[in-house]
Amino acid sequence: MNAGETKAAFLAIAEAVIAAEPKLTDADRAIGDGDHGIGMKRGFQAVQEKLAASDPATPAAVLKDCGMAILSKTGGAAGAVFGTFFRAGGAALGEVEDLDAAGFTSFLVAGRDAVMKRGGAAEGDKTMLDALAEAIRQSENAADLDDALAQAAAGAARGAEATKAMVARFGKAKALGERALGHPDPGALTLALILEAWRDSL
Amino acid sequence: MNAGETKAAFLAIAEAVIAAEPKLTDADRAIGDGDHGIGMKRGFQAVQEKLAASDPATPAAVLKDCGMAILSKTGGAAGAVFGTFFRAGGAALGEVEDLDAAGFTSFLVAGRDAVMKRGGAAEGDKTMLDALAEAIRQSENAADLDDALAQAAAGAARGAEATKAMVARFGKAKALGERALGHPDPGALTLALILEAWRDSL
Amino acid sequence: MFKMKKIINDPAQVVEETLEGLTLAYDGDVTQLAGGSALVRKEIPDGKVALLIGGGSGHEPIFHGFLGPNFADGAACGAIFAAPTPDVILEATKAVHRGKGVLYLYGNYAGDNMNFDIAAEMAAEEGIETRTVRVWDDVASGPPDRVEERRGIAGDVYMIKIAGAAAATLDSLEAVERVAVHARANLRSLGVAVRAGSIPETGKPTFELGDDEIEIGMGAHGEAGVRRQTLTPADPLTDQMMEVILGDIDLASGDEVALLFNNLGATTFMEMLIVNRRVRQLLAERGIAVYKTDMGAYVTSQEMAGFSITLLKLDEALKRYLDMPASCFAMTR
Amino acid sequence: MFKMKKIINDPAQVVEETLEGLTLAYDGDVTQLAGGSALVRKEIPDGKVALLIGGGSGHEPIFHGFLGPNFADGAACGAIFAAPTPDVILEATKAVHRGKGVLYLYGNYAGDNMNFDIAAEMAAEEGIETRTVRVWDDVASGPPDRVEERRGIAGDVYMIKIAGAAAATLDSLEAVERVAVHARANLRSLGVAVRAGSIPETGKPTFELGDDEIEIGMGAHGEAGVRRQTLTPADPLTDQMMEVILGDIDLASGDEVALLFNNLGATTFMEMLIVNRRVRQLLAERGIAVYKTDMGAYVTSQEMAGFSITLLKLDEALKRYLDMPASCFAMTR
């Protein structure tokens, strides 16, 4: 997947996230402060503007531009988390012209490590990291990029589903304790949504 | 009617007014600030305490004690209005031992004059004065006190009913303008209630 | 009917307990008299013209929250939404009197007028001179040629601030009265009601307003205003309100005003700030400068939602009184 | 679902218009940067340690309403209930920096922590030294041995007052940081939620609470607290709250505290004053003296009903900083 295709993928992702605003907001109303969808919408509208105005030369540049746009315009925990994820994840790809399965997984891994470093959360804490971790495990030994994206999307969805059984240890949901049980983590839903839209964009 | 009987009458009146608190409060909610019954209850509870602790020597003393109690404990427009009414009205009776029809009417008249002087309102302004004025007209040429009380009570009731057709020019209902139409004036209802209870106490 | 949730004890004791809690919140500067219904400053300088304010309870922090140096010397408090009794006013009058007379300053309502007037007569009998200034800033409650029919609303705050400063610096009752009357002549307010508050004793709303209705000019107790309409965006609503206010006072380009936004209870700062944005645009268009802006919950009606805009046209004297350092429970300058 | 009535214009513009209205309400003392999302004092003395605060919007007057002499120098504002972005924080950082470094003071929430940390790294790259003090006064949100998990609520007010005074008088970033950390160690708060506020964009309540339910310790965004229960009278509720607070800080007879009652939005002064009455009884029983009481809507959550009690254990230094005259949109001392 070259820079142009990556850009096209992120325009599709942006549309999907923006369309899912109400669903993500409701998820955050259940265990957070009810603004996750609104924030993600702000972030991905910034992504649309950014990409409309630029033609990044590499997949890494696309990812970093998107991360920067999200970081600068979203705010809240999600802005820092998803902004950091795409920025750091993209940086790991260096100058490669074509994103392959291995590159994709290294992007996910570098993004995860940066988010963990930034926020101090780990898998099992009921955050987007749970969806991300499962996505990484599934994509690791994929045949090609299509397969990697398909596996990662499915894994992320499963990981997000799994957060229903978790008690949050970070973010606004933390304080809910037991009451968060049965509700998926909003950020985890968003990560799954992003990977699914990426897969479907192929 | 001697001092003891007047006292007995006012204990009955107090009971009636206190019992009517919700009705009077609702009437004030419709065109005022919804506290008339609460205030009148405060005032007549003070009347009960006052009378329980004293045995006034004349009807005038009973009326003045009640007026003082209401004035000191009610507050709001009604406290000043009904306190002034009983104080000034009672004073007009001087030292008479026995309250007769003429005395009763002179009490109503003196009370009305004092209230008009105090608050600047007149008949037709949608206040207790409308019930009072009609009560005076009816009692003026009564045969005896029983008759005077019966006539006054009936007149006050009619006068209160008539306030439904009036637009207030005083008190909190003033600002309602047309909207006050169809609703009786709370204070007028109270005056009618007082005279009815007095009549029934015989 | 839905009963409003409130953190209170015995509903019959709310006023008594509120005044006790308020006296404690004054951290030693104020004492209670008249069975608790009168709050009075502990240290009132001798030979000072005294300022006594008062009114019904349930509108906190007005009136009893405005006692302190360069604010009022005492407050006579009534039951919820009911004017104080003459006895309470008289006892407060005696307590604040320092030989120079007492200025009565309160909102223009039938109940307050009659009870303060009765107290004034009693005070006169005891040789205490009083003067009365009734606050009537609400332009919605009477025509310009009958201002004495208008209600006192948020303008109370500026009136107490200015009269308090005057009473602390001028040495005759007449002079203080004159300043207050001058301030009142330059004061205009208009409010809007969004949701009713409720009376603690009954838990019932003080008035009915549709889910999508607002009423411009409605009084703090639900008294009718100038116009009931469906919920309007902030800018057009502000335009409507300012048109009424500016139509009632003559302000020329270059004039300076103080601007007060009063929260009746449950309105957010966000809403009032958005309104302020538009108010400033309208004043700027007319070349009217804003000297100072105040915003907060000063004259409330329980948890009523709504707010009012108050304009005070300033001159050098009024600025001086407005700026004079002063502090009380409700506000510090 | 019932949509809350609010006096706003385009729901998508509430923050922008609120910040514009707030800047105007500062009457010339403050300017907007970063596309309007950062508010900064116009006159920050050279060589002064700078104090930068910030957080999500919708909690007005905190944070952006606390800029002024001896208060904060700048505020980075986020969207409704969302931490500000690193870009906004960085631009505000550069604008307030006067060569002595910048203290970041804000509530301890994941979003604020991450965004301010990212900004701090960017500032470091540009050679601006920053220190961070996160406010974590809410005893309901973490055990005593993990205070760094606790949320910042109304304690923000005393923290800004004290850090602002320290930043105006001390001349090293470390010294100011030390004062703020010392104040934080003596600060405890606990709140109670009565009714939810709503998000302007959606008009939906931030959480669900039964018609006769209250929740002790619930956060300003509906974060769960220590106990959900049916509506309790003021005195027993106060006893419950004070037991938690007093169990978390050691106060001996003779100690002095400052007491702050924060209205989350729609709670009446009456309710808080009735609670204060009981709080004072409980403190008196323990021989704890109250040096100063503050009461008002400082850290709100839109029209949420509920309040919090904040206790600050005082020593001479903290008293000095607390008493130092200071003024901003939200409060004057």
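Read from first to last, the chains carry the letters A, B, C and D; within each, the first residue is number 1.
One rule holds in what follows: a contact is a pair of C-beta atoms (placed from the backbone, for glycine too) under 8 Å apart; a residue touches a chain by one contact, two chains touch by 3 or more.
Just so you know, these numbers come straight off a predicted model, no measurement behind them.
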Taking each chain's centre as the mean of its C-alpha atoms, give the chain farthest from chain D. B
Between chain A and chain B, tell me the centre distance in angstrom, where each centre is the average of that chain's C-alpha atoms. 75
In angstrom, rounded to a whole number, how far apart do the mean CA points of chain A and chain C lie? 54
As a quick test, compute the distance in whole Å between the mean CA positions of chain B and chain C. 31
Please compute the C-alpha centroid of chain C, do the same for chain D, then give the distance between them in whole Å. 28
Where in chain D do residues touch two or more of the other chains? none
Linking chains that touch, what shape results: line, ring, star, complete or other? line
The chain pairs that touch are A-D, B-C, C-D
In the complex with chain C, residue positions of chain D that touch it: 2, 5-9, 14, 17-22, 24-27, 57-58, 60-61, 65, 192, 194-195, 200, 211-212, 214, 231, 233-235, 237, 263, 265-277, 280, 290-293, 295-297, 300, 302-303, 305, 307, 329, 331-333
Of chain C, residues touching chain B in the complex: 56, 78-87, 109-111, 113-115, 117-118, 140-141, 149, 151, 199, 201-202, 204, 206-207, 219, 221-225
Contact set on chain B toward chain C in their complex: 25, 29, 32-35, 38-39, 42, 71-81, 84, 118-119, 170-172, 174-177, 179
